[in-house]
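Below: the structure, in structure tokens.
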Amino acid sequence: MSLLKAAIIGGGHIADQNHIPALKKLSDQVEIVAVCGRDLNKTRLIADQHLIPGAFDNLESMFNSCELDLVVNCTPNNLHYDYTMQALKNGCHVLCEKPPAMTATEARKMADLAIEKGKILAYNFQRRQTSEYLLLKKLLSEGQLGEVYHIKANYLRRRGIPGWGNFTNKTIQGGGALIDLGVHILDLALGMMDYQTPDKVVGNIYDFIGKTGGKGLKGQWDPAKFDVDDACFAYLTFPDNKSIAVSCSFALNQKEEEIINLEVFGSKAGAVLNPISLHTEVAGELADIQFPFLEETDTQLKNTKAFIDAILGKQTNICLGEEGAVLQEIVEKIYLSAGL
Amino acid sequence: MSLLKAAIIGGGHIADQNHIPALKKLSDQVEIVAVCGRDLNKTRLIADQHLIPGAFDNLESMFNSCELDLVVNCTPNNLHYDYTMQALKNGCHVLCEKPPAMTATEARKMADLAIEKGKILAYNFQRRQTSEYLLLKKLLSEGQLGEVYHIKANYLRRRGIPGWGNFTNKTIQGGGALIDLGVHILDLALGMMDYQTPDKVVGNIYDFIGKTGGKGLKGQWDPAKFDVDDACFAYLTFPDNKSIAVSCSFALNQKEEEIINLEVFGSKAGAVLNPISLHTEVAGELADIQFPFLEETDTQLKNTKAFIDAILGKQTNICLGEEGAVLQEIVEKIYLSAGL
Amino acid sequence: MSLLKAAIIGGGHIADQNHIPALKKLSDQVEIVAVCGRDLNKTRLIADQHLIPGAFDNLESMFNSCELDLVVNCTPNNLHYDYTMQALKNGCHVLCEKPPAMTATEARKMADLAIEKGKILAYNFQRRQTSEYLLLKKLLSEGQLGEVYHIKANYLRRRGIPGWGNFTNKTIQGGGALIDLGVHILDLALGMMDYQTPDKVVGNIYDFIGKTGGKGLKGQWDPAKFDVDDACFAYLTFPDNKSIAVSCSFALNQKEEEIINLEVFGSKAGAVLNPISLHTEVAGELADIQFPFLEETDTQLKNTKAFIDAILGKQTNICLGEEGAVLQEIVEKIYLSAGL
Amino acid sequence: MSLLKAAIIGGGHIADQNHIPALKKLSDQVEIVAVCGRDLNKTRLIADQHLIPGAFDNLESMFNSCELDLVVNCTPNNLHYDYTMQALKNGCHVLCEKPPAMTATEARKMADLAIEKGKILAYNFQRRQTSEYLLLKKLLSEGQLGEVYHIKANYLRRRGIPGWGNFTNKTIQGGGALIDLGVHILDLALGMMDYQTPDKVVGNIYDFIGKTGGKGLKGQWDPAKFDVDDACFAYLTFPDNKSIAVSCSFALNQKEEEIINLEVFGSKAGAVLNPISLHTEVAGELADIQFPFLEETDTQLKNTKAFIDAILGKQTNICLGEEGAVLQEIVEKIYLSAGL
Amino acid sequence: MSLLKAAIIGGGHIADQNHIPALKKLSDQVEIVAVCGRDLNKTRLIADQHLIPGAFDNLESMFNSCELDLVVNCTPNNLHYDYTMQALKNGCHVLCEKPPAMTATEARKMADLAIEKGKILAYNFQRRQTSEYLLLKKLLSEGQLGEVYHIKANYLRRRGIPGWGNFTNKTIQGGGALIDLGVHILDLALGMMDYQTPDKVVGNIYDFIGKTGGKGLKGQWDPAKFDVDDACFAYLTFPDNKSIAVSCSFALNQKEEEIINLEVFGSKAGAVLNPISLHTEVAGELADIQFPFLEETDTQLKNTKAFIDAILGKQTNICLGEEGAVLQEIVEKIYLSAGL
Amino acid sequence: MSLLKAAIIGGGHIADQNHIPALKKLSDQVEIVAVCGRDLNKTRLIADQHLIPGAFDNLESMFNSCELDLVVNCTPNNLHYDYTMQALKNGCHVLCEKPPAMTATEARKMADLAIEKGKILAYNFQRRQTSEYLLLKKLLSEGQLGEVYHIKANYLRRRGIPGWGNFTNKTIQGGGALIDLGVHILDLALGMMDYQTPDKVVGNIYDFIGKTGGKGLKGQWDPAKFDVDDACFAYLTFPDNKSIAVSCSFALNQKEEEIINLEVFGSKAGAVLNPISLHTEVAGELADIQFPFLEETDTQLKNTKAFIDAILGKQTNICLGEEGAVLQEIVEKIYLSAGL
């Protein structure tokens, strides 16, 4: 089989550290033929470092010059829609960074176009690939959890407002803690509940700490330029009476530096992550189960592989366009409920 | 000053173990002159044990026979309304067991009648009197928490469906985990937010475990007779953008046998209970504060004392009729939101 | 149904504290009509304290005076055989304290006579009734352990030579750590392996600490009068290639004050006691299972109940005469292997 | 003094990582002049990497070409005997990897030939050189343990069947857990008891997990090719009434990933390893002693040094041919007892 | 032997709870014939409760009425001197509560008079009788500590100013933390160094917290009436270059509620108390020794017994008059050094 | 601004590892133009490694050849005085390693000359720059500690006599544990008390372990050449009744390998270091405060920066000549008090 030809859109840190290395480890299936970035000099530098032949500073010339099978879209949130649409129109499969887009409408259009074009549109929710989440899904599919009816999804930092990048800029990012952190854990929770669309969404967002300033544990942010949510709490209910409570924060007055967790409550057993444990009955007695030997895995590699496999027609656990659209709609509803 | 004359309505466990002993410790302010219960023999027994002169099996004869200043209503939930109304009409102050009533309308009428009669109507939310909660309120009033914007209120048992009493009978109790456990913690949370009325209430209730059966840690319940909620999750938002997430359960597949907790998030500091700790900044550094020497107190004694002091015209932290009405309305809205 | 008539043989501590209270809690099935002890005055005292009508100082007169259905033999080890045989001959069911006897031959004769007489002969291995062991057996019967092929059975005390009674006197006890402690844990181990007779038995016994003296944690023993084993280690193999390693001690230079444990190794899972945990695979991953809510039970009451139920024809887990004979034979072989 | 001339037989991992580096650190006493391996190209590569002049693919030509004082035999178990005998015949001292041989007869012949030739034959039981074991031996020689009468020797892995090499191949290895892991800990235990020959040896071997397959923590083994013991338990008694219990496994359903331990019971004190602690009496009171500052050492370097020093006529703690023969005989008896 | 006749001077809590019960447990050696207290009614009550025949409200009449062998002086500190002197003059042995007196001169006179009269004068430093201190002394006498050259003696409470009694009244007590708590631990430290007289004494006393008030953990004290030291630090050097650092407090801003400890530094080993551990070398390695099985003892009973035995001519570890005089002199020097 | 020109005196480890790297990180303010060491070859080597142009083996030629603004004096203790005086005379600012000098007189002269010459003389007490100490000072300046009245300053090693350098040589070092370790922690303690001169100083020094030998945890020292203090305890009182207790050791029979700590007792709060915690009252309750997110800093860089800033006229927390003179005087008084 000949190699799939890939291009990277966006020449920043996440391309350099995550996506390019992952694709290169899959060199029996794919080769990177081009990188496209805003600054041609920087882009060429990255291309050279990774031995990638093509370097471009606009998509059009890249699509004109190269025969591409797929692109990875690593641009800022406000460019996800445009570049992904362009790539799909040019007949490429797309792996797009999260969140899907700035609005629910955009995400819906992206999903529709992918279907129309018969291409794989996938989002890089690589936390789906942790050993713990894969085990959790296996426990679910084996029926060991029974029916899962409530999930608490938490991604909470005490003082983790990033002191770099555009994370506190609403125009570029579209939001704060919810759109940067919350989407990860919401994606995982939805994945435990058939990725249904909720019938009620209510939530609140806050910015007390972000606007006040203080000690930063992920660099020092500028409170004067902070215009996103530093914390968001939301509650979703589903038509079949299931429910999800989402809590996420860049900054919150809690004890822990960072909590990333799912608390899953099922009719037969409950489970929590980090580390994963199961709370159930064994031989008629209440029992707690630990899994002390789960090994960490390269989640980006696994997710990129899942994308490639999806292109090749296999069933994988990659987040596809449709799921991205559902997710984006929920995010939008939370922000709307919170009065934005 | 002459002693206040008190009567106990309901001759069960909670009268015998909590209310009568508390009143007797306040013998410089109050004397118990009568007990009224369904079964006259049992009632007389209790009266004799506690050296209480009067024993009755109906309210009318009690009110006819005794000059009463106050009554304590320790009857099942479905009798709170009738007996409290009767007592108020007979010119008594009333300390009524929680929850206030079976419906929001009842609770509202009770509050209105108390005001009309110029009597104190109070509910026995004695968890307000723990050292931890009193300290939490003091921290709030001193401004050490800043503005409190989100609270998680949890009262979660793993397998704590009571195997005795009427706790699983909806007709008598009016509900399950929410109405028996959740109201306690909801009362505490509301007390941290000026006991406002929320503008949105959404929630879900479940009964998977209660209806299936299994190992009981508070006696063995009968799943065939279980018709209440074994778990309830709800989310409240307030007009000023504050929010409360309530989680309560009789039975839930979690690790802990029982979690009773508030997680309070304020603009200056956050706090959790059990044990209480404060998460804030001191001298510009992130700091955690513990209070290792808080002593336990007799919360029932303190609450009864607060009720007596309220009768005597003092400002106390007792839960009054108005707050009870707000609370009952929220409970009703949660059950409605959950489709009941 | 009329009550079973019971007598107690031996008026010592274990009768007073364990057997008589257990029988009295079963007053709907059995009544104690007599106690027989060496010293008539002391025996009468005990009888009076427990409101037992008859007090005797020899078996013959007791059997002549009373119509008995069952006896409990609580005498020293060297009297187990004679009194149990006499009781069986007098048509009684017998619950005999452990160990069964002083020799394998005695234990065999006891078992044979019981069968001949159609009576229940049972030994008071009440550790069979702990919640942990019952759960272990349930796990075994559910197949969760797979095939159990090796067990380590440990009953090890650091300095637990009893400073009272006859525990260090070989003539009365028949042995030391093995016959007093080891038999308990050996009984449990054999119970996990169908109580087979081993084909090889090898072991060693020691008395270094017992004969030297030192700090006692269960009273102070007299090293000059110590003539039993203070420690015993043995290894048993069975015809189907299963194996058991037994370790027991009154005194051993180890860290722990006392270790009472089974380590059970099966093809699907392993388990240890105190507290019980299971080591297995769940969903393809290595998993450890805890049971944090096992409640303690009154093991003597449960064992006495099992004996009564066996008399009434029910299937119970009581240690019957045949198992006692197998056990006593193993004990004898260990002592023989150790050169005694 | 001129340097001793050394050759390495076997060019695998253990030569490359352990023996060659150790010898090179002793460059003031020894120089490596040749390596002999099956594949000449690979052997030359290793020789070049370590700057060793000679590379051979058969022993004969090596012995013909080089004047050698000593060889290190790092070949698979089934070649230990032949190559060691050849080396001894060629007048070399030999440091042979463990286990000594495939049979007791081989090990005996090796020991005899070494004596006949006046050469040092040593086995690489490098665990003798850990700080903990050296301290344990010192405590023994100072009399602080009194008389050591029982030892439990454990080398137990939960899922440690190697997924590489020939560890599960009986023809090449001669056995499984016992011959690969058990010999280490058995060597240590025997070293605490004057390396006596036991008068009774009984044991069992198992292969349930090895033959079934499952999660591997040291690579993934192939159950279809597994024909050795995955677990072995054995019990040895000695003419002076001492005893050793050996437990070893590649795979066992236990909690711990790996247990390597001696539990030593002496008349004055007991000791356990990992970390080492002593359980004894001090000033008449029961006392536990820890040694928190023992440093780790390069056990291979120390063992190689002990071998060199033995050649130079010094008294060292190296395992000599005679001890190897005793050990191999025990291993053989265990396998025989287990019915192989 | 006829029984020693004893009287109790002072009818307070310490007589009732400590001294009378201890003497009654020694009823084979001593009988209590009288109690003397300020208030005759209260004294008679205590006498009756303990079945003591005589009750007096002045010493003279007691000495006139009773033939006494010994008295126990349980009066407030400012009465120790007068009553002890009177008792000695009346030919009684005296066990006097600590501290010995209000001044060094008094304590010296008490010691001298006891010698002149040939009577035992002892002080009730009952902490000498803890298992830990007795073991520490044994380790010292066995030479296991080598030469002890420095001791830190600590008796530090965070908020332990007594809310009852006269502990904060300098006129009655003579001082605060030093004279109430510090003397205990100073006595223990001096006992490890031959109870030498120091050549230099320097110290400081403080009363910041005592005079300010705050949360009390031993009742609530009145800062307005607080005129003693709430904390005292001192340093003693001895002619042979040994040294002791004393730290004691009723109130100090430390983490622990209470620290009672000796830290003993010797040339061979060091030791700390609570729990006792030894830090030394064993077999050439640094070693820490714990004593996990030390049992608690009735220190008052042991100390009273030591006093009785001293009367009977035995060598005991009771604190005698001479040691009390040395101690009181040091206390005085510390207060002088601190500028009082 | 032109760069300050710096020279390093002393070419040992501390220059190479600490001072030169720190200065090079400040290359926007300072450039190193010369190194002066005893051995010209070694000095040139160091100069070359760090790209420093000048290398000298005597101060005179260095001062003649180079225009210097500042020097860093990294010579052994007994050369601090001479070289620092020479540098000051040559118009240089000086950062001198600790301790200031061998005698109080020397330190006084150094301080005087610096003032006379108008140059910054600073000592390298870089522990002032730890995050914990800086926070402690901030808490003090904010008044959160109230009045600090007693400090325990501890720098205690169990077996930390250095096995290299001149640390055990009194002629070169001027002392042992006190002058090498104690001065650090004494400097920190004095810094919490306005660096007052004490009115009383008493202390003791010991050398039991140093002179006896034993296991070394910082290399192996030679007891035959050990002529300094291995432990020192001292007590200082100040005119305003404050006090400091100093404890330091190279070797002491304690549990911990190393304790470096301040225990600070103030009227409002107390604090300890490693990790820093605060013990105080919050909202009227006793409270403990932790600071879990303090980050470690490069203390040498910060101290060198403080020295440079002082040269540039800024207020910094560097230890200046006057403080060094006070400190050296205390050290001298302790040694005198101890009889040296």
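Note that the chains are named A, B, C, D, E and F in the order they appear, and that numbering of residues resets to 1 at the start of each chain.
To be clear about the criterion, a residue touches a chain if its C-beta (ideal position, glycine included) is under 8 Å from a C-beta of that chain, and two chains touch if they have at least 3 such contacts.
It should be emphasised that the depicted structure is a prediction, and the values quoted were computed from it without experimental measurement.
*Asks:* By the contact definition above, name the pair with the higher C-beta contact count: A-C or C-D.
*Replies:* Greater number of contacting C-beta pairs: C-D.
*Asks:* So, comparing C-alpha centroids, which chain is the farthest one from chain C?
*Replies:* F
*Asks:* Of all chains present, which has the mean Cα position farthest from that of chain D?
*Replies:* B
*Asks:* Chain D and chain F share one sequence, so how far apart are they rotationally when you fit their Cα atoms? Give it in degrees, rounded to a multiple of 5.
*Replies:* So the copies are related by a turn of 120 degrees.
*Asks:* Express in whole angstrom the distance between the two chain centres, defined as the mean CA positions of chain A and chain D.
*Replies:* It comes to 52 Å between the two C-alpha centres.
*Asks:* Taking the mean of the CA coordinates per chain, how far is chain B from chain D in Å?
*Replies:* 70
*Asks:* Need the CA-centroid distance for the pair chain B / chain F, whole Å please.
*Replies:* Going by mean C-alpha positions, chain B sits 61 Å from chain F.
*Asks:* Give me the residue numbers in chain E that touch at least two other chains, ranges are fine.
*Replies:* As it turns out, chain E has residues touching two or more other chains at 158-159, 215, 217, 284-286, 288, 292-293.
*Asks:* Mapping chain-to-chain touches, which pattern fits: line, ring, star, complete or other?
*Replies:* Topology of the interface graph: other, matching no listed pattern.
*Asks:* On the basis of the stated criterion, which chains touch which? Give every pair.
*Replies:* Applying the touch rule to all chain pairs gives A-B, A-C, A-D, A-F, B-C, B-E, B-F, C-D, C-E, D-E, D-F, E-F.
*Asks:* Going by the contact rule set out above, which residues of chain E touch chain F in the complex?
*Replies:* 146-147, 149-150, 152, 158-159, 200, 202, 204, 206, 208-209, 212, 214-215, 217, 231, 233-235, 237, 241-243, 245, 247, 252-255, 263, 265-270, 272, 277, 279-281, 284-286, 288, 337-339
*Asks:* Under the definition above, what is the set of chain B residues touching chain F in their complex?
*Replies:* Interface residues on the chain B side: 135, 138-139, 142, 144, 278, 282-294.
*Asks:* Looking at the complex, which residues from chain E come into contact with chain B?
*Replies:* These residues of chain E touch chain B: 158-159, 215, 217, 257.
*Asks:* Could you list, by residue number, the parts of chain C that touch chain B in their complex?
*Replies:* Touch residues, chain C against chain B: 292-293.
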